[in-house]
Amino acid sequence: MEPIFEQFVRDLTGGFQIPFWAPMLVSLGLVLAFIALNAMFMIWLERKICGRIQRRLGPMLTGPKAWARFSMWTGGWFQTPCDSVKLLLKEDIVPAQVDRFGFMLAPVLIFMAALAVYVPLPISSTAHGQPSPIVVAVADLDIGLLYVVAITTLTILAILTAGWASNNKYSLLGGMRAGVQILSYEIPMLFALMGPMVLAGSLSLGDLVLVQHAGLFGVPFLGWFLVPSFLGAVVYLICAVAETNRPPFDMPEAEQELVAGFSTEYTAMRFAMFYLAEFSNTFVVCMIFTAVFLGGWTLPGFVPPGSLNLGFFHLPYFDLLAGMAIFFAKAYAVVLLLMWIRWTFPRLRPDHLMTFGWKFLLPLSFLNLLICTVLAAVQQIYFGGNPG
Amino acid sequence: MSPDEFLPTLKTRFPEVEFQLDPLNPRALKMSASGVPEVFAWLRDAPEAAMEFLEFSTAVDHPPDRLELVYSLYSYTHRHRLVLKVDLPRHAPTIPTLAHLWQNADWNEREIYDLFGVFFSGHPDLRRLMMPEDWEGHPLRKDYSHPNLTPRPD
Amino acid sequence: MGLMDRIPAYVDRLPGGSVVMAPVDWAINEVQASSMWYMLFGLACCAIELMATGAARYDFDRLGMIFRATPRQSDLMIVAGTLTLKMAPRVKLLHEQMAEPRYVIAMGGCTTYGGPFYHDGYSVLKGVDKIIPVDVFIAGCPPRPEALLNGCLAMQEKIRRNKLGQPRGPAIHIPPTAGRFSIPSGSPPSERDPQIPG
Amino acid sequence: MMRQFPANPDLTVEEFELNMGPQHPSTHGVLRLVLTMDGERVVRCKPVVGYLHRSIEKMAENRTYTQVIPVTDRLDYCTSMTSNYVYVMAVEDLADITAPPRAQYIRVIMSELNRIASHLLWYGTFALEVGATTPFIYGFRDREKVLDLFESTCGARLLYNYLRIGGVSRDLPEDFCERMLAFLDEWEPLIREYEALLDENPIFYNRTKKVGILSPEAALTYGVSGPNLRASGMARDVRREEPYAVYPDLEFDIPVRTEGDVFARYRVRMEELRQSARILRQCAEKLPKGPFLEPQPLRLVLPEGETYVHLESPRGDIGCHLVSKGTDKPYRCKFRTPSFCHIEVFEHLVRDCLIPDIMAICASFDVVLPETDR
């Protein structure tokens, strides 16, 4: 982020030297705005998709009514903003029996985890005014993948805290379920991600994308790690659904069983933070999936120009914008897949969930690691070096 | 078997219990309260009766002095039904429980206790079933009155 | 309910405060009316019609209404079905657990005045407004889903008439006949008699 | 009860009480289960009912015989027709009235349509309890079509008040049979769709197979009846045991499964949907012309006596014990309801299950609370 941001400001102002903290502050603001707006859109989309699958319409009457006459996809655009503002305006109840500190800490904690996880996610790259293409991320960490996996685990802490502090048996059960579930799905998930790591020889998410763009065995179409590490992709996707507590793995907040699980006692703003974090995390796993298995912001055989000159109109940073468009299109495709799964499947039982995780997904991720290692060795021996 | 076929068998097996046909219900037998658990145990276990199914048990209030318990038994094996009726004194109705013979007698008896005030001796858990625990009176008795009970104008 | 109620007291002290309050009221009411999350909770026959209204043909979600399983997160309690004396304390408790602003729709005859169980119903509470304040009464046994949707629209209309820091208007009665609800206007709430049918 | 781990005596595990209901998203109205839990495992379960006790039996004692019919509607709102039917049948039995043949057929048509509506409702809520949201909407979508048929016949969607002593309140609309057959043609293939959504899903399969197994002996001693009894391997159906109305003239099978688990109960009901459609097609073919009602005096006076009749409702064996003292009002009107017995079984079945199993088991029994509490 830093070099591009500096470059951008310099382009705009003609050589203004920005203070060192400005990029951080700006990226924080951008990420916050992105989380809020994106989560609102996703919730709207989720309700529309759910309506489509269930032969309903979903929200239609909120927002400009004339739009709703056009088609179901143009109705109810203001639904989630209204929901959010309403939640902010609602009375904030802290029940008398709760552990006040933990009760208030948990939503903040889960939101912090949701925020911090955005740091290494690469959404595009640009060559504009740079000696070599630069990956656009808040910070393209060398251990990006490890960082992401580590930070998402913080969610357990928040949910456990919420469950414990609520002093409600349903909350406690929900919190415990979440703890067990996230812990046991963390392991196959990490092993599933190790396949691409071995193939790319790097832990940086930006590198992972660049390696995929270069292709495997010299063939660009083999490049997306979805192909060599297909098992890994499947295992990761399942684990990702489980990690974000989405149905069919929504044991911690199973409505029919535990009322609202760990968030049973939460009202208004605090509940909104849980809700926001949940959708933000869902999008994050989709973004990771896109970066690790779907080639990120790249398309095979397509390199966008650094700037677009249409004669009358000069568009700088075109490669950055095109990359972002590709990246978000891919991420939303994964989001749609998750939504489809959510509204079709019944819920698993906690013990089946454990069995499935430990006895099926874990061996599968080992197998994937084996396949990837062999492929990486073949690449190294016959094509020289890592694919990148 | 119909009640008049049951009558001689039951009379010979249980000489100390009184049985008689019921003029109102052709499928019913009236009996005295003294033989309740034994007669029912026999009806359930004897191969010629084989009443494995207790359809329901309930009570009918006949003021001023009589409260009638009704048990309806059905046999899937022989496809016959027997309704047994027991008269109890209305002021202090007590009768042995059948909860050890049929599981669903448990709740049926709790309901009768709740709504009619019949006391079932030996019942494992005789509490009110329908009404709140602190409710007073037994609503299905004919002379029941309660501030919340507005009688229907005729 | 804390901050929300104190806003008018602060704003009115400012010069031209009441002018500011009108759009604020409008925005708050519009937001609340568009997002009534109802509590997933049914008592008797009306609950089946409530479920049918949530399903594909009628679709509550069009109005932005989704269910929440816990009272803490719901704005609207649709009391659907006969309320017995045994259940009444629970419903009161649930209403107390809901966060302000909270609204109540009494669906069907039983919740309005006891319904068919008014006579001889020794165990039935005759009117849910005896224990919790009700905003909209819907007649019918059970009301059709259309009537329920009509009631929800009336609820929205009522929310739109809210003014911060002022008491809520009188209850609205949705008649069993077809047609859109009408909200009585003119006389202030105190002068109007509560219309309890039956 | 405290449990200690031998390896670490400081560590103890304590059971705790979990109160599920009467307001809980999945207790089907106002059932309350007081559970003693060991973690997620149920140690004991005590069902508490009575939150919907609406004094229906008391009300019946103060209304004339005809006026009781709308009260019976509220007895089991998912199948008002069969609760109407059992009461009307009891009165007709005492008064020695026989409904005209057309009325008999109409009653059977209505009972079977109501069975379809009730089973579809059950399908939806059952799927919801195992965590699948979409089947719920599908079940309700098709239930609406059945309700349209009812609405065109008697004007009501849920509580019909259609049956009368001596017949039915009005004749079928003229094109009823065609519309019903059109509905059946359209709907019968959809049963496959319902099954495709659940049966073929390994998650559903794992959650329902070998869960909540009810042995036939236990089923009998608890008084379980209807589809739940047939799922435990006993082919008992009142329509066969003591045929009423025109059922002897109709051909239909009684679906039976031997496993007695949640999956078996689900399968039995799915098969019953098909059998009901079969019965309806036969009825449409055989429906005779003639009067639909043998009019009775408004204040019908019944002779002194008492009777017990029962029939097969979608939930099981529903019965009516009617006592008359020679007046125009019932002296005592007791309803034997299947759900009353089914709820008691939970105590026995839920033991040693996990929380999600409770939902699956409770939902699979298709209990309706007003019928339990009356």
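For reference, chains read A, B, C and D in written order, and residue numbers begin at 1 within each chain.
The criterion applied here is as follows: contacts are C-beta pairs under 8 Å (C-beta built on N, C-alpha and C of every residue); 3 or more make two chains touch, one makes a residue touch a chain.
Remember, it's a predicted structure, so these values are computed and weren't measured experimentally.
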item	value
Central subunit by CA centre of mass proxy	D
Maximum centroid distance from subunit D, chain identifier (CA atoms)	A
Comparison of A-C and B-C (more C-beta pairs in contact)	A-C
Whole-Å gap between the CA centroids of subunit B and subunit C	46
Distance between chain centroids, defined by C-alpha means - subunit A, subunit C (Å)	39
Centre distance in Å when subunit A and subunit D are each reduced to the mean of their C-alpha atoms	46
Rounded Å distance, subunit C centre to subunit D centre (Cα mean)	32
Per-residue overlap in subunit C, given as positions that touch at least 2 other chains	40, 55-56, 69, 86, 119-124
Where subunit B touches two or more other chains, by residue	130-132, 139, 151-152
Junction residues of subunit A, two or more chains touched	54-56, 255, 259
Every chain pair meeting the contact rule	A-C, A-D, B-C, B-D, C-D
Touching residues (chain side subunit D, partner subunit B) in the complex	49-50, 53, 55, 57-59, 62-63, 218, 220-223, 234, 236, 241-242, 304-308, 310, 317, 319, 321, 323, 331-332, 334, 336, 340-341, 344, 348, 373-374
Of subunit A, residues touching subunit D in the complex	50, 53-56, 169-170, 173, 177, 247-248, 250, 254-259, 343-352
Residues of subunit C touching subunit D in the complex	40-45, 47-49, 51-52, 55-57, 69, 81-82, 84, 86-87, 90-91, 94, 116-117, 119-124, 141-142, 144
Touching residues (chain side subunit B, partner subunit C) in the complex	130-132, 139, 144, 146, 148-153
In the complex with subunit D, residue positions of subunit B that touch it	24-25, 27-28, 52-56, 58, 60-61, 70, 72, 76, 79, 81, 83, 102-104, 106-107, 115, 128-132, 139-140, 151-152
